[in-house]
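Each in structure tokens, the structures are laid out below.
Each of the next two complexes has chain A plus one other chain: chain B in the first, chain C in the second.
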Partner chain A sequence: MSAPLILLPGDEVLRDHLPSNNSNPLKLGPGLRLLSQPSSKSKAGNHVLTATQAGLVTTDAKRNTVSILSFSNRRYIPTVNDLVIAQIHHSSIDYFHCMVTPHTAHALLGQLSFEGATKKTRPMLKQGELVYARVLSIGVGAGAEVELTCVNPATGKSEPGGLGPLVGGMVFDVSTGMAARLLRASSSSSEQSDTIDGLTVVSELGKKLESLGGFELAVGRNGKVWVDCSNAGDSAIKATIAIGRCLQTTDEKNLNPADQKKLVTRTLREMNLAS
Partner chain B sequence: MSKEASLSVAEREFILEALRQDSRLDGRRADQFRPLNISFGEEYGHVKLELGKTRIIVRISSEVTKPRDDRPFDGLFNINLELSAMGSPAWENGRTNELEAYVTHVLDSVIRRSNALDTESLCILKGVSCWSIRADVHIIDYDGNITDAACIAIMTGLQHFRRPDAVVRDGQVVVYGVEERVPVALNITHKPLSITFNTFNEGHNVILDSTRKEEQASEGELVIGINNGGDVCFMSKFSGAPIDAMEVVTQSKVALDKVKEINAQIEKVMQTDLAKRAKKGMAEESRATNDREI
Partner chain C sequence: MVGPTASLSNLSRADGSASFKCPTTGCSVLGSVNAPIELPARRDALKPEEATVEVFVKPGNTTAGVGERYVEGILRTMLQKVILGRERGFARRGVVITLAIIGGDAVERGDSYLTLLPALLQTALLALLSAAVPMSMTFSTALLAVTKSGDIISDPSPVDAKTASSLHVLAFSSKGHLLLNESQGRFDFDTWEFVRERAYSTCRGAVVAGSDGDIAMDEEGEEGRADGFIRETVEDHLHRDYAWKIDSA
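What follows is the complex of A and B.
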């Protein structure tokens, strides 16, 4: 792999940093934009990728994607295909009006955009309930409506798996950068994520809490992490709190992998969960 | 949008269930405050306070004015609090909301009406001129419990503040600049602080220093203003679920311990700061010897 490349908004992504196998179309992640360059004479190079956010260029050769790993900020700007955790605000005939970030315009989630939903079997979500959804479209221009979906319209399945209503558990707030790191760590192979992101907290927690029955995580790009330990029985609440605290502390203090390990051990001991 | 974004069902239920098992989201005990960090700005009476993620800046200022006609021997003391959009996106600039009125009322009762600052000592010349002390409270970041945090910050500010010296000479009021005479500390009669309790699960769980999420999940609130001597100078139970009378008595004991602990901390940071200032303050500046060039 080539040396890390950090871009500022407006910078071009150089061709040699893009994944090389050209059989599939390249997928763009958040923070990048495809611009055409009409002035160029040769037909081949008339498109350029420019960064819209400052950050580290990250590529995934296996899935043929390129994206910008941005720094940790608190504000989330929806991008198409992001996974988010949204909270139902109210519902109307066709849509659930959801809150992706507080104090911004509501995002729309179709009443029927759930796996296997028909008019009769659609989920009846009430105010304050949570859904794990994908950003379907963000509209054009300012004030455009953001639309969410819990289903892949092409296949009718909830892809990637796990989309849909989140029941029970607890939501913890983290920075958007941390959410992006968590998502990356889950998608790429473990050794790769260790070297790039230095994020071992989740795998460490997984190892330590395995005896309790493990836990479920859903990470929303909007800076929310949903944790559920309902398998852990009596210590479910404590385990959930421990996971939330580990994630938040790792985020706030920007811990390196060794410190993350220590943090997990210490937190679990404090909560009397050490096995 | 003048309301905080509401909690999701999962969050509310989890917080309540966790409290039933005596755990809080950040791993604190029920009667434990978040880490309190007090620092001072360049000038006297400029306090920066952090209580967990809640951040407050208090600025104490003074000016010479005419006393009120009905109280010619008293100086003036005002507490100003404005919730601006800086603290939370739920607050709008220039529009008062319920929380603002409520917190202002509590601060006013705990600090001003309990005569924590001796206003008579602010009088310069009867009916003609007096000091007007003003405490401006700015909420920089809101994560619950601004009442207690603001109270601690104001009390620290009042103890830290130094007003210019003023004397009456031949019926004329002379105010000396800070460079001319050593400024004077305010006369603090006692050190009351407010302690807010939040109740959950029909009064079974009572916690101190709630975060924003805990506040939202709470069913009732009890505020006790108490000083080091154990004199309760304010108590309120504005809204929410009822609280057992015995609970109030036991909690005021908890409040007393907390107030003693916090006052001790205030004292400590004050002393370190004043010691630091003394080293480079007036004495250093009024040194007669010149720096010699060698």
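What follows is the complex of A and C.
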């Protein structure tokens, strides 16, 4: 297509950068707004899309969306339907009070919003334990409470799979941009290619650690990655650390796929995990 | 001449940060932005539909005093116009901008703060961009001094600024509006008009006689130094961040 388009606030999105699919209306993602310019010639005026954040314009021709990818280290702001990893701070009668991001008000997770939970059988989570949850609502205005859930309220199942308490494992912090990338990589069908969004580190780790029994990852949009390698027996701790280190280094140094492979090999050798 | 240098997202804990070094005055500023954050203690002072912008300026060697309060006021009124405080998630929350002067000559009490104002404004803008705070437009600033003989110098050195008969700081938005005009000293309207033209050309390149605010997008080649500098810094950083995406496309 055309060259990557980087916009600053106030810049217009040119028409030839927009997806040319006319069947359904164009959807605007974050960082863009529609302004109408009153023009003297026609009464209707013409509409322009302008950026409100600095970032790279990305378009999705299939879903007919256009949005702006901003800097990757920005703070996480809860949005409905995001998957997050939350830590229980304390529990009250109806709710678990969870920390999603530091220095913000606690998010609420209903005591019964787990798969198959009833008054009698519900998870007794203690302070510091982790849950993988979905953002249910974010409230209106300042001071509003963010509510999380581990089930789909319509079906009563934990959808998508894996929501609920995270037992064992360890959490690593990554940038929110990296978390979004990891989630996108896992949602697009993983088998078709090794590199999605320039990330080979996960598939590479998967190959190398297969002999140890593999590992589990949970990625929260709030910049947390939970790694569990409990199948690996004695080297479980080493493998967990190695995976976390690989992900964090890839994030910090912005490695390209070839360097990611090298990093995985080097880290595993340093940890005496190379098979 | 050496241009200014800047880098983005230096601080890991702030939502957005930037550092900026101005070669002529020798001052370097580190700025951080936290937004949107709750300001629970100010619930009565908050406007119901808008974000509250707070600016703090910290001098390197002393505590903040009257001069800093004054310049904070200038920065706040100007940035409030540019930040879209009504975007979702920003109403009744705070945008807190902290600017620390970490190098260069300190401003003595009673000295002019105008020499530092452009650097503070540029840092604030870069930090806001890095924090992805929604803004309606960007801006660029120019510092000009008029000497006793009536010459206009852009980016005067501290010595020039001290001896100048008047000092002017002007900021132009990316659409060409005059956003800020701070002047001090003795000057007349004609001088100010020359200063404005000169500032416009340092900020935005070609002089466009326009009040319509409608400037075509495709004149990027002839963009001015100050404007182009912000864009380059941001583009460089984004290119590095999204190298994986840009390379694969």
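The working rule: the second predicted complex is superposed on the first by the 196 of 275 C-alpha atoms of A that agree within 3 Å, B and C clash if a C-alpha of one lies under 4 Å from a C-alpha of the other, contacts with A are read in each partner's own complex, and residues count from 1 in each chain.
In this text, a residue touches a chain if its C-beta (ideal position, glycine included) is under 8 Å from a C-beta of that chain, and two chains touch if they have at least 3 such contacts.
Keep in mind that what you see is a predicted model, and the values were worked out from it rather than measured.
Of the two partner chains, neither chain B nor chain C is touched by A:Lys253. Once the two complexes are laid over each other on the shared chain, residue contacts for A:Gly31 go to chain C alone; chain B is not touched. Of the two partner chains placed by the overlay, only chain C lies in contact with A:Leu69; chain B stays clear of it. Contacts of A:His47 after superposition: neither chain B nor chain C is touched.
In the superposition on chain A, contact of A:Leu166 is made with chain B only, not with chain C. Within the superposed three-chain model, A:His90 lies out of touch with both chain B and chain C [touch as defined at top]. In the superposition on chain A, A:Gly244 contacts chain B only, with no contact to chain C.
Look at A:Lys207: by the touch rule set out above, it reaches neither chain B nor chain C.
Set against each other, chain B and chain C differ in how many residues of chain A they touch, and the higher count belongs to C. By the touch criterion defined above, A:Glu270 reaches chain B but does not reach chain C. Counting contacts as defined above, chain A residues 103 meet chain B in one complex and chain C in the other. Listing the residues of chain B that touch chain A in their complex gives 1, 4-14, 17-18, 21, 23-27, 89-90.
Chain contact summary for the complex, chain A toward chain B: residues 87, 99, 102-103, 126-130, 166-171, 226, 237-238, 240-241, 244-245, 267, 270-271.
Per the touch definition, chain C reaches chain A in the complex via residues 8-9, 12, 15-16, 36-38, 40, 46, 84, 87, 89, 91-93, 129-138, 173-175, 214, 217, 230-231, 234-235, 237-249. Those residues of chain A lying in contact with chain C across their complex are 1, 4, 6, 8-12, 14, 31, 37, 52-56, 58, 69-75, 77, 103-105, 141-143, 177, 181, 195, 197-199, 254, 256-257.
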